[in-house]
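All remarks here apply to the structure that follows.
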Amino acid sequence: MKNKIVVSVLAVLFVLGMAPLFAGGQQEGAAEGGQAADQDVVVYNSYWADPEPKRVEAELMEMFREQNPDAKVIHSTVAHEDFKQAIRAYLTSSAPPDVLTWFAGNRARFFIDKGLIMDISDVWEEAGWNENYAKGFRAMSSVDDKQYFLPGSWYWWAIYYDTRVFDEYNIEIPETWDELMAVCEKLKSNGVTPFTVGTKYRWTAAAWFDYLNMRVNGPEFHINLMLGKESYDDPRVLKVFNEYWGPMIDKGYFVESPASYAWAEAIPFMTNGDAAMYLMGDFIRDSYPEEDLQYLDFFRFPIIDPNVPVGEDAPTDGYFIPKKSQNPEMAKKLLKFFGSKEVQEYVAKELGRLVTNNKVDTSVYNENQMKGREIINKADYVAQFYDRDTTPEMADKGMNGFMEFWQNTDQAEEITDKLEKARQQLFEE
Amino acid sequence: MPRQTTIPPAVKMILYLFLVAVTLIWLVPIFIAVITSMRTNADIMSHGFLAMPKTVDLKSYIEAWQRGGLHKYLPNSFIITMPSLVLTLLLSSLGAYALARFKFKGRTFFYFLFVGGTMLPFQILLLPVFKLSDALGIYDTYLSLIAIHTAFQLGFCTFVLRNYMMTVPIQVMESARIDGCTELGIWGKIMLPLTLPAFAAIATLEFTWIFNDYIWPLVLIRTAEKMPVTTGLATLQGQYVQDWTVIISGALLATVPTLIVFIFLQRYFIAGLTLGSSK
Amino acid sequence: MLDAKTRYKLIPYAFLGIPVTIYLIWIIGPMLYSFYLSFTKWDGLTSPEFIGAKNYRMLFQDEVFYISLSNNLEWIILFMTVPIVLGLTLAMVLNKDIPGAKTFKASFFLPMVLSLVVCGLVWSWLYSPHSGLINEVLRRIGLGKLATGWLSNPKVVMESVIAVAIWRQVGYVMVLYLAGLQSVDQNLLDASEVDGANAVQRFFNVIMPQLAPVTVIVIVISIIDSLRAFDLVSVMTRGGPYNQSSVLANFMYIEAFNNYRMGYGAAIAVIIFIISLMFIMFYLTRIAREETNA
């Protein structure tokens, strides 16, 4: 009878479906089957989901396996945005991954302060990192003089521009604000939009706030604002909005409807000549079309007030070990591996990133990297970027505020009032 | 049947063409998705979204399958969806049977309970359920997903099945009981076969819902190997770079199972609804 | 041992045993826990800290809450009315024996099979202000003035997102109505025709009432989906620009998982639940009335 057949099919499906349940409990690794369960397992979750870094990481895992044949590394890549949520689940579970990627700065501090991260001062000591890593990096990894974090790589931010456009209109690299405004006017009068930007995910707008605030009011004020120690309705903040940012938007120095584009979607405006510059991190190279790369160059964000110390954004990524790691020994081994000179050199070469270990031979850096490095070395202060320097809640409100301002440049007062209210609520909670 | 009003054939033709036009426009987004999946990322970057593809390139499908991990994620989706589907249908038919067949204390209350569950904003369950899964030791296993999906869909399925079962005349079951059948027997031999059309209908819906679910695996699965296709696809979205062609190709590939289910169960789906609404 | 009569009385409970237990552990329990959470301050890592009704007080002063609320309302209204009108129309048209009826039906249902993520992605491109299809077409036919950033212009962003949801839903509603139309009593229809009723009167007085059960299901499903609407907003706008397309589910997610304010997020979810509850109660009372009448 037809019904009997359908029911039996369902039953079979049921059984088939249940079978993998019992397989689901084991952890499959990239290794072949037939491995005994008493292998030394180390679980590593990372957010390097972009194609290039993902590839390089896979290669690094192979290298690690070769060096440690008794170890079984289970490496999972999680999309960047999702990782930010998933890490909460990781850190509170009773069996978290053994090594995790994460951001330096406030974000790491947040978990360290809650006692969720393992103290790795011993690793720093044993691997010699106390000598091999710059003071700044060591400082950013420490809380109360104990180390919890391993900085891995970093990149700089700058104004990237298309050399063809600059050549065509005989534009020189601007070093002061007035020069930059002159450049913008010149471009505009020739039918080129000075700046492209895609603010769909908001952080590109935050970049402008970071730089303008640091240039106008100095990095100390900026960082204190990030830490919730200064007010958003301070006249200094209003100055940034009303005297610098607002006028730029009003004069049409940015492309239209930036909120419709993810950051990478705004690149075509530059490559097809509609726009000339982009305030962006060095990873712009990864997304830039091959044939246009040779025309891409960058310069430091111009100085607005020469009396103010120079702050730059140079977000740093790294690793740490959850306190509840099931295999701290292997985890520390993996960490030492990541922090070693050879791995760092490999990453520098393959990904064009700047790495943190001093011992790395600077000859692995190409011309661009040296140039970027120089900008950062000249800086008086290195910030981690708006949404890593301040708390997640404040970053969310702040970035929404920037987006609202971009749409309504006459509302700076109302917007900063809102942000200040949020700051009081969030930092005093 | 005689029609009082007749539409002149010319007008009919125009209306028909209008229908065709509307249908085509309706499908434009899908056409675009398919075309985009056959272009290269560089092509999109330089020529924008709408240009005709300079190169027809199915590489992105292969890439989505291999590098994109679909060869792992698709099977995972099934491993998670099938047991959830079967379990929830089975369990809700048990509950629905009780609610439809018997008059007992708490009948409305339980019905209430299940109906309420349909409306639950699942975000509210995310962290408590995560903690629960962790405490039970099933975090990062397929079982944790199957458990929550089964439980969560119980509400809707019980609701629909109970209503459907109530259309079965009580005499049918009474006579079976008089014949000496146990209640479980009546449930299995009489009610279930009669409910099959409804099962087919809900199964299509449920399959799509569970298969396309994105949030639960994010919270409950840690190892990439075990991720279903929804979450797995998201890993293709890097922090800075988005390889659109691969993402779209992967997404379209992921759609194939639900498409097949729809094509084959369409009959049951419609038949089921028909039986449900008529008497 | 229990006598036969008592045993018989216990049977329904036996049937309900397993499903209800699972339900209690995985759904009701966590839900109650979330109610509790809404009265705490919790970052998801350390222990929750009881703060009474503070979350709710903050919520009622939060402008994003009111924006989300009105967006959800707009969503419910549009998501109910448009698909019903379009879906019913299509069902009426395609119910006739026209060539290719099956293909037409399948075409309209197809979007439903696509995942929301795919829909969101594809439509995000269609909406792209610079090179998207919609603006391209508008410019070509001389309506270039209307071209705007559909997802970045705060005035139209919510409607643009809802349009995608509707695009997806129409086929589904159409299928439900098609099924419903199958069971419309042809005799009644013929009788009314003989009585002299014209097409419009036949539609409203004979067909519509018989489609009432379908309509009710459609309304219920529409409301559930409207309040749950999250995926599309998340993929297309993340609630932006600056919260103009925020809906309650999205708002809750961001507060709970991006901003680590779990207690606050729980409060939002409780509000969503209460709103849903209102509609459920309405539906249930209707059912209860029907059942007592039958």
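Just so it is clear, A, B and C label the chains in written order, and each chain counts residues from 1 on its own.
Criterion: a contact is a pair of C-beta atoms (placed from the backbone, for glycine too) under 8 Å apart; a residue touches a chain by one contact, two chains touch by 3 or more.
This structure is a prediction, so every number in the text was calculated from the model and none was measured.
A.B. asks: Which two chains have the greatest number of C-beta pairs in contact?
C.D. replies: So the pair of chains linked by the most contacts is B-C.
A.B. asks: Looking at C-alpha means, what's the farthest chain from chain C?
C.D. replies: If we average the C-alpha coordinates per chain, A ends up farthest from chain C.
A.B. asks: Give, as an integer number of Å, the spacing between the C-alpha centres of chain C and chain A.
C.D. replies: So the centre of chain A lies 36 Å away from the centre of chain C.
A.B. asks: How many angstrom lie between the CA centroids of chain B and chain C, rounded to a whole number?
C.D. replies: That gives a centre separation of 15 Å.
A.B. asks: What are the residue numbers in chain B that touch two or more other chains?
C.D. replies: Those would be 48.
A.B. asks: List, in ascending order, every residue of chain A touching at least 2 other chains.
C.D. replies: 85, 92, in rising order.
A.B. asks: Using the touch rule from the top of the page, what residues of chain C touch 2 or more other chains?
C.D. replies: Answer for chain C, listing residues that touch two or more other chains: 44, 128, 130, 257.
A.B. asks: Write out the stretch or stretches of chain C touching chain B in their complex.
C.D. replies: 9, 11-13, 15-16, 18-20, 22-23, 25-31, 33-34, 37, 44, 93, 98, 104, 107-119, 121-123, 125-126, 128, 130-133, 136, 167, 175-176, 178-180, 182-183, 190, 193, 198-199, 213-214, 224, 227-228, 230-231, 248-249, 252-253, 256-257, 262, 265-266, 269-270, 272-273, 276-277, 279-280, 284
A.B. asks: Residues of chain B touching chain A in their complex?
C.D. replies: Chain B reaches chain A through residues 42, 45-46, 48, 67, 78-79, 82-83, 86-87, 90, 130-131, 134, 139-143, 146, 192-193, 196, 218-220, 222-226, 231, 234-243.
A.B. asks: Report the residues of chain B in contact with chain C in the complex, numbered from low to high.
C.D. replies: 1, 4-5, 16, 19, 23, 26-30, 32-33, 36, 48-50, 91-92, 94-95, 97-99, 101-102, 104, 107, 110, 112-129, 132, 147-148, 150-152, 154-155, 158, 183, 187, 208, 212, 214, 230, 233, 247-248, 251-252, 254-255, 258-259, 262, 269-270, 273-274, 277-278
A.B. asks: Across the complex, what residues on chain C touch chain A?
C.D. replies: Within the complex, chain C touches chain A at residues 41, 44-46, 58, 63, 127-130, 148-154, 237-238, 240-243, 254, 257-261.
A.B. asks: Once bound in the complex, which stretches of chain A touch chain C?
C.D. replies: 84-85, 88, 91-92, 111, 114, 116, 200-202, 256-261, 265, 269, 392-393, 396, 400-401, 403-404, 407, 418, 425, 429
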